[in-house]
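Below, chain A partners chain B and then partners chain C, in two separate complexes.
Then we have the complex of A and B:
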């Protein structure tokens, strides 16, 4: 066979089963776009490369398979960096294919030349600079394999213009390997861990992003129910167990439940599954679970003992370990421990909101109303800030991969393009994007992409006319010095939405705001709804930065 | 010469222009110290050996685990027995009076 580099890329993406790609063309990837013309792959034109990166993430986070985005060299690649770094911190598999100036021009400060390879070294799982078209036959399958294997992550393939243009001859297409799932676990290893669990008096499970899949979630529930182990989760673990399950402690950490943060400190055994002891989850890590033994199971060997020294650890897929361990787990009622859990739960009730009739615009009430109204398998994306924490606290997530949010990097501007990616990958599902009047402006241009593709997305802008979560820190920890967090200009977001070609609605002026909100949710195409929020509302409870988790402000 | 609780991490790596930046980038990104580095190709030039002189401290376990994750790193060994002279007399590499 004889093909150009660009044709090889497109054929290989088709063979990998990629149906949709987000991106923006430019001088250094025009050959790739030229080859895409002949393909059945649907290209979704983003309006900023960061948007394209988050669309790829939206596809990946909801399916577990690598999402793909294309950008040109120079500014195309630099604009993409935040989305790549975000994917790295949240272990999201994406493959970013960036155009590069012609090989001969590399190093000459050519037009739109930057060192994409160098810039992406610290924020990717791996990156490649392709030197010859025939290398694409090994690099592209390898990039997907790296992105999707073990602990997933972003991979960048930087491809000079001439490599896309040149032809090469080759004998056969490469084979895409199945993603690696980690080493097999032995019965002895599993028995050891099972013994610790069976002998513990006060065990707690901490579930992270590594177990946020349907298979793992079912196994966690089985383990927890068999042995009566309370389960808490990090933000990336949301969806692995329903918050209404009798053994669910809700989310741990800075804005988690008080009883999760309290009960975990009374545990004699912490079972961390696919979790990395992030500081937003643990607070000051040296104070975290000082008196409990720790079992840490993670597919990434470097996470074990990185933050917390584990007493027992297994470097393997948590799903595999769970499957193997369950037959060795004894049935145990643990009445005392479960009683203690119930006691704490009633002593420290969850975040409270006024009765719905009293304040329908209370952010928690709005979130609950929306949750009652949309199908259970809806996908919820958020931006970053107070609205994100409120959704994490009260949305009744029952299914893995339904909450997509920038957890590790905390990137404002994530919500809208990630919702687009989610909608592209799940055309039959309802997608709701919760955003804020701060965050939405960071990628508002993607409302055009939403409009152009007529996606079934409802964007709710929680509008408190401020950078609410930062303002909250200033209120609590910086003597109410609201430096640079209160907006003076008040954009008319529904008008902006309409200008971009999607429906816009403002509940501020609505006679029947709840009815209007429900109508907006039922509207089949893209809608933006402005939801006025009282500026003084705070995300509570909260761990003061630098304080131990159990001392929460509430 | 005293070895100051240092040791050598021996890396067997793929040999292409980006490999060194992955290794040095890992050290700067994660705040590890590297006291010395020595590198050369082996065999047909497809792969290289890199010797990193590092402090023997509590970060060592993490450094080794993070290095093992790098795609182009084929093998990692920790060596306590080495001739440290090469690192402390580096200026002798160039002949006296040479340019």
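Then we have the complex of A and C:
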């Protein structure tokens, strides 16, 4: 066979089963775009490369398979960096294919030349600079394999213009390997862990992003129910157990439930599954679970003992360990421990919202109303800020991969493009994007992408005319000095939406706001709804940054 | 709380030989603000596999985490961490003195004998002396030579060999072949 580099890339993406890619063409990837013309892969034109990166993330986060984005060299690549770093911190598999100036021009400060390889070393799982078209035959399957294997992550493939253009001959297509699942666990290892669990008096499970898959979630529930172990989760673990399950403690950490943060400190055994003890989850890590033994199961060896010293650890896939361990787990009622859990739960009610009907614009009530109205398998994306925390606190997530949110990097501007990616990968599902009047402006240009593709997305802008979560920190910890957090100009978001070609609605001026909101959710195609929120609303309870989790402000 | 003591560690890092690998490795140090005291890199005894020898001061706890983070890079095969008593190590130093000062008296010649150094090259203008040893030894000779005028002094990074009888990497590579390769 004889093909150009660009044709090889497109054919390999097809063989990998990629149906949609997001991107923006430019001088250094024109050959790639030219080859895409002959392909059945659908290209979604983003309006900023960061948007394209988050669209790839939206596809990956909802399916578990690598999302793909294309950008050109120079500013195309630098604009993408935030989305790549975001994918790294949240272990999201994306493959970013960036154009590069022609090989001969590399290192000459050529037009739109930037050292994409060098820039992306610290923020990718791995990266490649391709030097010959035939290398693509090994690099592209390898890139997908790395992105999806073990602890997933972003991979960048930087491809000079001439490599895309040149032809090469080759004998056969490469084979895409199945993603690696880590080393197999031995029965002895599993027995020892099972023994610790069976012997513990007060165990708690901490579930992280590493178990946020359907298979793992089912296994966690099985383990928890068999042995009556309360389960708490990090933000990346949301969806692994329903918050309404009798053993669910809800989310842990800075804005988690008070009873999760309290009960975990009374535990004698913490079972951390695919969680990395991030500071937003543990508060002051040295004070976290000081008196309990810790079992840490993680597929990434470098996470074990990184923040908390584990008494028992297994460097393996949590799903595999769970499957192997369950037969060794004894049935146990744990009445005393479960009573203590119930006691704390009634002593420390979680978030208090006014009764529904009293204040429909209370953010928690709006979220609950929306949750009542949309199908259970809807996908919820959020931006970053108060609205994100409120959704994490009260949305009844029952299924893995239905809550997509920038957790580790906390990138404002994530919500809209990630919702687009989610809608592209799940055309039959309802997608709701919760955003804020601060966050939405950070990638508002992607409303036009939403419009062009007529995606079934409802964007709810929680408008409190401020950078709410930062304002909240100023109120509580910076003597109410609201420096730079209150917006002076008040953009008309529904008008902006209409200007981009999507429906816009404002609940501020609505006679029947709840009815209008429900109509907006049922409207097929993209809608933006402006939801007025009282500026003084805070996300509570809260752990003061730098304080131990047990000292919550509520 | 007592602050854990920093110690000297020597890291042997084995990797593929790709463009940009040094950057991949050093970025792990940079991000954690750990200063590299010495760095040597060249092809290892196994063809196609590169070896980096890095000397750092760090706490035992930090060095373990650092090693795991380096090992996580896809192109890195294995990282071994050694304390000073687990390795034999050596550095090389070159000193340039004027030939006049060498011929002016026998002090320099005495120093060369005393320190087990050797003369590499003599020209009418300058003489190059070579000494191998630990850093404190090459430094001491430099201080002794300085009164006679040292116009240039360079020192290499550390190279190290383990006291362990077996070649650790080979054992590791054999293990890799039997295990299924895992990509974290």
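Simple rule for what comes next: the second predicted complex is superposed on the first by the 554 of 554 C-alpha atoms of A that agree within 3 Å, B and C clash if a C-alpha of one lies under 4 Å from a C-alpha of the other, contacts with A are read in each partner's own complex, and residues count from 1 in each chain.
By our rule, a contact is a pair of C-beta atoms (placed from the backbone, for glycine too) under 8 Å apart; a residue touches a chain by one contact, two chains touch by 3 or more.
Note that the structure is a prediction, hence the values are computed from the model and not measured.
Could you say whether A:126 touches chain B, chain C, both of them, or neither, answering first, second, both or neither?
After superposition on chain A, A:126 lies in contact with both partners, chain B and chain C.
Taking the superposition on A as described, I'd like to know which of chain B and chain C A:308 touches: first, second, both or neither.
Neither partner.
Please tell me which partner, chain B or chain C, touches more residues of chain A.
C
Identify the partner contact of A:236: answer first if only chain B is touched, second if only chain C is, both if each is, neither if none is.
After superposition on chain A, A:236 lies in contact with neither partner.
If we overlay the two complexes on their shared chain A, which of chain B and chain C does A:118 touch? Say first, second, both or neither.
After superposition on chain A, A:118 lies in contact with both partners, chain B and chain C.
Taking the superposition on A as described, I'd like to know which of chain B and chain C A:299 touches: first, second, both or neither.
Once the two structures are laid over each other on A, A:299 reaches chain C alone.
So, A:145: does it touch chain B (first), chain C (second), both, or neither?
A:145 contacts chain C only, not chain B.
Identify the residues of chain A that lie in both the chain B contact region and the chain C contact region.
117-118, 121-122, 125-126, 129, 146, 300-302, 305-306
Which residues of chain A touch chain B in the complex?
Listed in rising order, the residues are 117-118, 121-122, 125-127, 129, 146, 300-302, 304-306.
Which residues of chain A touch chain C in their complex?
Where chain A meets chain C, its residues are 117-118, 121-122, 125-126, 129, 145-146, 149-151, 180, 182-184, 299-302, 305-306.
Give the list of chain B residues in touch with chain A in this complex.
Residues 17-18, 21-22, 25-26, 29, 61-62, 65-66, 68-71.
For chain C, which residues count as touching chain A in their complex?
So the residues of chain C touching chain A come out as 19-20, 23-24, 27, 31, 64-65, 68-69, 71-75, 179-184.
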